[in-house]
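For reference, chains read A, B, C, D and E in written order, and residue numbers begin at 1 within each chain.
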Amino acid sequence: MKINSEYKELAWQGLWKNNPGLVQLLGLCPLLAVTSTVVNALGLGIATMFVLICSNATVSAIRQWVPKEIRIPIFVLIIATFVTCVQLLMNAFTYDLYQSLGIFLPLIVTNCAIIGRAEAYASKNPIKQSSFDGLMMGLGFLAVLVVLGAVREVLGQGTLFDGANLLLGQWATGLRVEIYSLDSQFLLMILPPGAFIAMGFLIAGKNVIDHKIAQAKPKKLEQAIERVRVNFEN
Amino acid sequence: MSTLTPAISKNSKILALFAMACTATVAFVQLLTEDRIEFQSQQQLIQQLNQVIQTDSHDNEMFRDCIIAPTGKDTELLIDVIYRARLNNTPTAAAIKTVAPDGYSGNIELLIAINTDGSVSGVRTLLHKETPGLGDKIELRKSDWITTFSGKKVLGNNDNRWAVKKDGGMFDQFTGATITPRAVVKTVRKTIDYFQANQKVIFNTASNCGVEQ
Amino acid sequence: MESVIERIERGSFWQFHGGIHPPEQKFLTCTKPIASAQIPEQLIIPIRQHIGQAGNLVVKVGDKVLKGQILSACDSPMSVPIHAPTSGTITAIQSMAIPHPSGLSEACIILTPDGEDTWKQRHICPDFHLLSKIQIIEKIANAGISGMGGAGFPTQVKVSTLAKIDYLIINAAECEPYITADDLLLQEHSPTILDGIKIIDHLLSPKNILIGIEENKTEATDALKKATADIDHIKICVIPTKYPSGGEKQLIKILTGQEVPSGVLPSSLGMVMQNVATCFAIADAVINDTPLIKRVVTISGQALEKPQNVWALIGTPVGFLTRQCGYNNSKNRHLIMGGPMMGFSLPHDQIPVIKTTNCILAPSEIEIASPFSSTSSKEVECIRCGQCADVCPAQLLPQELQWSAKAKDQAQLAKLNLFDCIECGACAYVCPSQIPLVHYYRVAKAEIRQQKLLDIKAEKAKVRFEARKQRLEREKVARAEKHKKAAEARKARMNTDTSAAKSEKSAVADALARVKAKKAQASIKQNTAENDSEDATTTTTTTSAAESSNTSTVDITVESVAAVDDGKSQVANAIARAKAKKLAQKNQAQIDSLDTLQNNESPSSLTSSQAAPVVIDRKAKVAVAVAKAKEKKRQASAANSPSSQVDIIDTATKALKPNAVNLDSVSDDKATQAIDKKAKVAAAMVKAKAQAKMKASLGTETSFNNLEKSTTNLESNIDLGATSECDVPAQVKNVEAAKTKKTQGEPQTVSNIDTKNLDRKTKIAAAIAKAKAKKLAASSDKSPTSE
Amino acid sequence: MAFWIASSPHNHQKNETSSLMRLVVYATIPGIFAQWYFFGWGNLIHISLAVAAAIIAEFTVLALRNKKITPQLFDGSAILTAVLLGISLPALAPWWISVIGSLFAIALVKQLYGGLGHNPFNPAMAAYVMLLISFPLQMTQWQPPLSLLAMDIQLSDTLAVIFSGYTPQGYSVEQIRTHIDGFTMATPLDTVKTNMTLGLTVVESMQAPTIGKHFGVGWEWINAGFLLGGLFLLGKEAIPWSTPVSFLLSLFICSFIAFMISPDSNASTMFHWFTGATMLGAFFIITDPVSGATSVKGRLVFGALAGLLVFLIRKFGGYPDAVAFAVLLCNMAAPLIDQYTRPRTYGHDLEVKK
Amino acid sequence: MSTVIAILVLGVIAALFGALLGFASVQFKVQGDPLAEQLDALLPQTQCGQCGYPGCKPYAQAVANGEAINKCAPGGEDTIKKIADLMGVEVQPLDENHEADNSPKVAFIIEEDCIGCTKCIQACPVDAIIGTTKQMHTIITDECTGCDLCVAPCPVDCIEMIPVATTTQNWQWDLNSIPVVQIN
């Protein structure tokens, strides 16, 4: 039961309460740069999640043997290794997506969400929990990416899942949805400033929901605080 | 000082170990994916070439049959690589990778395929930085303007039709942007001129680039 | 380079940054002569009217005083005396609202005039050159003169400065709208003012005397010029009219081009500035021996029928003056003391005029809209237009100050030089967003000052806290040391002397029992504990006996021990009395000794029984050490100790001092004492007991029963109110019972003691019970064993 | 009998933010008149659209933020923003351009940052830039002066174009913009810039019909109109003199130096002053107190920086007119400028006397 | 072959950097924890124990080690804000379980009721109470931090916490009372 609640807490933290995209605001560079379409967002999100899980697991596995002074270089080494591997694999198997994600793939190395989790969680917790934390944080990040991508794609070019075939293969071409069609695109949303604005609204939205939740919660019962007497007799 | 030496040697050893392990992992993955990546980039190139040169007009492996542009011939053009298409060993067309330097926001990379008769087989934009919404209509994804080149020929040295409509030519400019199409048209035209002038050299030079055999 | 004087002679001056031109409105009063003072029915004279400390009163209620008689004496250089403005009777000295923006009250002398206006004896001195400088300064000091321009800085301090003075600047700029008090004074009394200037000149010998006067006061300028025509080194500087050119720092800048560095007095630059009204007062004081008891006050504003300047006695209520000038009642009234830029609103019109009051403004709705009217505009957001920065005479950035003030960013405020703000109000005057900027600064300044005070206080508290911690540490060490020594001494004695073994035994038994009672809660098997103790000590200590001994043994005198042996209840009373005396001292010791005892006793009741007697020692502190010592010794002495223990009892009996071994019992004992003493004392004891009991109840291993019983005793005390007295004697009786090996129940003993206690007062008992009830309720909740 | 108390100072100059804003709005009238005279009804229609949208946006956001609506809604700031935005839009842009721009300016740029007094950027210019990068097509369809149009367009035509994209006769914006000779019209700045890329000299570019005799048909008069309005504001002390003066001076100096170095590739100083949005920017945009610097010294720096940026962007940048971008960049720099141009407080840092 | 070289080169570089870091970690080690000291300086030093720690310093140490920053009732919102600034964390509202009233108070002994038990003297963390056994006690107002620790131990309940009186000396302009206040 206890284990169960621990995982529950991890999931809650990663997906909502401490979401790397909306709350920790880590890894903004890829977050803002590649989310012009859902598919791009999905691709980078999955890649990040994969790296996050692997790096968390590895860092957790080796945490006993890493002296504190050189932990950061080692974390970076591990993360860089996974990123390079992912890059190579994507290059090999999803070439088109690799092309469209371009420079942002290697940038995963410097995604603070990953090294942040390695430092803050994985380096202090067992492998199972760390991997799960990686999964949940990755999912949280992925979710933000996808939502942001969706918002920007719909507002910017009026479609959804444009170019899904790049990621999922030819069958996915049919996923493309045209919501509406305009003579002129709303370029702001496709350009980086739009990403910032949309991101701002997402965060605001989250805060509103949090606020509502907090209000809905019944106030916890008052508990008397035991005052500590500052005398020194005992 | 007594704590110094063990700290140094320990950290040094561990870090080295990790570095080597990580490098080895990357090397291993690289080894695994090498062939596949190679294949992918070939496919990409073939696909691009096939877009500009009809598959029925050649039977050779174009991406292997290519030359680095003979330099010095025409300094005005920034030609990169030329791929040659042959049908039954007869030259039919060449795809020329080149750059239009005077776009609104810098260089525009183009792939221009020209048939041996001097007509344009196809043009594609490979890379550009033009203003989104205005100049980016040279991309096939945004507009099919780029296909209007197909089949066009340059008639003589003073063919005025090779210009945008605003300048009295036959190519549409995009609403709000003149400079970009103007640059593309100019480069395509110059490339055709170059091709016609150097056809022999282009087709007779031995293949000297591309994929390692 | 052109010298300052040359420039001034050329009529060109420097400029200070910013400044504004509010509507002057001086025409209301500047042409009317000063009306003479009338004596109101009552004068309210605040004791402190200046910057610095208040003087010491030298009159009392009911005294008759003469006009000009001193009312308070000053003993420090920063205090200024006050004088009776007219003759009359002091009818009260009480807290009254004083002229202060807060509307708070301070001590004031209420003087009811007799209407005769009789002067005290005066010594007119037509030629001040006959007096020494010291005498002049003394005269000024005794006349109670403080700066009359607004700040109220004691004048004698200013005129006795030792710095070399280049410029004496007479401030006649009077830049605030409406105010014409100085203007009129100049018009009517230029010669006297000149006398004052000469006196200051005589005192300070400045190189030059500059009189700064704004160009809108032509008549006053003419009068001054006429008066000073033949004096060379007095320069009359007619400066452009601009607010706030009358500010000290601003006027210095205008006249000399120099800036007074922040946080420094002008005298460090060789300058002294005096207000014209102060000059007048100085002349009056030195020549006519007239203390500062009246001043010119401008009563102005369109809400008045006949605004004018008046000579007002210090202490005249504002309402008296406004009525004199025809104040028409409107619904929402507004009175301002001072000008419209820097004055403050008065909460009512019974505020007195003081030495620094130069104007009473009664504006109409048109002039200054009340916040209730529709024409008044409301504060909106700052749009950073920067107009405030343009007009700020101190070259501050009011808008940035405002943001920082709102954000309470004190570091930033300091960086922006908030404390250089002179609160002239120019920024708020021009602000298009109607932001009360000055008000924000005042609040921020107050907060910063408050914070500084708090910081100092916190630092002090920290130091004291640390010091106390160290002291307690030292005391602890010292105590331990002392105990150790005493224990050693006792040990030596115990080994030698064996005569009193028997009595000692019983004492040991008592102590043991007591100890057990304290510890009672934890151990489950009470019977075995009893048996153990009985066997070991060869005294028949039943649970009840243990309890009773607990109750009785806080102070054990020789007699009490004996009495216990005999089983007489009288002894118990004696014990109780003795205890009562020591009670207060005990409290502290009880806690200590209790703790240590618990520790000692925990191993086994058998060994502790021997240890216990020793505890009945002098002070509880010593007892701790003894207990420890005993612990060590106990194996050796267990078999052959009887004789040595007798010895111990001797020492114990000598000590006679309060010993709080068992707090349960202590509480009961104390209760008995309380019967003799005050109810309060008893209550205190009970409380202490209750607390101690709880402590004792935790972690001890003696019988559960003991505790239960003791608590029932306590409860019965609480419940029974008047009958609670009985309990205590009951316990005394229990002691007896212990000796006689009877394990009788309480009812019997209670009845016995009841009779004894009949003479006691029931009231006291009630008080005790009440106090106990309070504490017990709290304590019993927490200790599970007590119910 | 009640006494009320208040904190000093008790009297007040009695000017208000809203009257200040109103004054600025009035001062735009000469410029708007010139615009109407040379370019027709387009801008007037856009101004009214923008004002309506701005008021609706302001009302909505204020209501959402639980603020007092009436005083803030009519303090004139939203209206001023909308007017400035309407002035700077191309006359024949579709209606939704001004609506979206206005909503963006009020809701996002102004209210999201905390409303009047808290917005770091000039709302009108931020909205203009947003529109320009989002809808480059619509935002570059400048209408040529009426005198150069191939056809007459009346109020009804303009309305129809703005709301449907076509005149009642069925002409599109593109067709209206096309000169008799088949040339599409552009602003003078745009013309010069385009010609420059074609290798023409400035003098040659000046032959273009849009430029006319001086610096652009109509444009010089519009700028003169705004200059007049600006002088009126200066006279009323509604805006500080320092910003516009340093801005115009800075632009003058930059363009003068460039012109001296290479007259062929650089337009003259007066061309810079009297085309595009120079005068509008100088007196109405960069003088916006909220997003500008506050001290006198700071304003001088602010204006000079804006002038330099305008010149640089016009000369080397991707967009022909640069005022909006320059203003936004300066807005960003304003706090820093303020930080380093604080005046010396009385009595502080006095020079040591000799 | 190139792979092997790459591995070796990276290994060597890593070894070098590892050594460097090892050296730095010993050589440039920062001692002590000044954070607790800084926090202590922000606390009001009432030593009231309401935070659950015996004194301000222990609480400062606890905060430095991750205890909640919102437990100092006497310090109130201002102190929380300052701590938040120092720690770089978000401001939290004062712990609900603490009394929010942190207006300045001083203890006052009702002298006729005092029995001279010295209990309050022992409870006072800053030795601000003077008096001796069976003598009346009194409080040094200037030293009193208003912690109210002396109130509970008093057996006769003769200690009261009274708010510090407002005088013209410590009166503060109040933003809310001005500019508009009507006094009859």
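Just so it is clear, a contact is a pair of C-beta atoms (placed from the backbone, for glycine too) under 8 Å apart; a residue touches a chain by one contact, two chains touch by 3 or more.
Everything numeric here is computed off the predicted structure, so don't read it as measured data.
Undergrad: Which chain's mean C-alpha position is the greatest distance from subunit D's?
TA: When every chain centre is compared against subunit D, the largest gap points to C.
Undergrad: So which has more C-beta pairs touching, B-E or B-D?
TA: It is B-E, judged by the count of C-beta pairs in contact.
Undergrad: Suppose every chain is reduced to the average of its Cα atoms; which one is closest to the average of all protein Cα atoms?
TA: Smallest offset from the overall C-alpha mean is found for E.
Undergrad: Please indicate which chain is farthest from subunit A, where distance is taken between mean Cα coordinates of the chains.
TA: Between subunit A and the rest, the longest centre separation is with C.
Undergrad: On a C-alpha centroid basis, what's the spacing between subunit A and subunit E, in Å?
TA: Averaging C-alpha atoms per chain gives centres 38 Å apart.
Undergrad: How far is the middle of subunit A from the middle of subunit B, if each middle is the mean of its Cα atoms, in Å?
TA: Averaging C-alpha atoms per chain gives centres 36 Å apart.
Undergrad: I'd like to verify one number: the distance from the centre of subunit A to the centre of subunit C, where each centre is the average of its C-alpha atoms, in whole angstrom.
TA: 58
Undergrad: Two or more other chains in contact with one residue: find those residues in subunit A.
TA: 69-70, 73, 77, 184, 187, 191, 230, 233
Undergrad: Note the residues in subunit B that touch 2 or more other chains, in rising order.
TA: Residue numbers touching two or more other chains: 7, 10-11, 14-15, 18-19, 22-23, 132-133.
Undergrad: Where does subunit C touch two or more other chains at once, residue-wise?
TA: Residue numbers touching two or more other chains: 101, 103, 332, 347-348, 371-372, 436, 439, 442, 465.
Undergrad: If we count contacts the way the header does, which residues on subunit D are in touch with subunit C in the complex?
TA: 1-17, 19-20, 71-72, 75, 77, 115-118, 240, 289-290, 292, 294-296, 299, 338, 342-348, 350
Undergrad: For the complex, give me every residue of subunit A touching subunit E.
TA: Residues of subunit A touching subunit E: 68-70, 73, 77, 219-220, 222-231, 233.
Undergrad: Please give the residue numbers of subunit D that touch subunit B in the complex, ascending.
TA: 134-137, 140-141, 174, 183-184, 194, 197, 318
Undergrad: Contact residues on subunit B for subunit A in the complex?
TA: Residues in contact with subunit A: 7, 10-11, 14-15, 18-19, 22-23, 25-26, 29-30, 33, 36-37, 40-41, 43-44, 132-133.
Undergrad: Please output the residues of subunit E touching subunit B within their complex, sorted ascending.
TA: Checking each residue of subunit E against subunit B gives 3, 6-8, 10-19, 21-23, 25-27.
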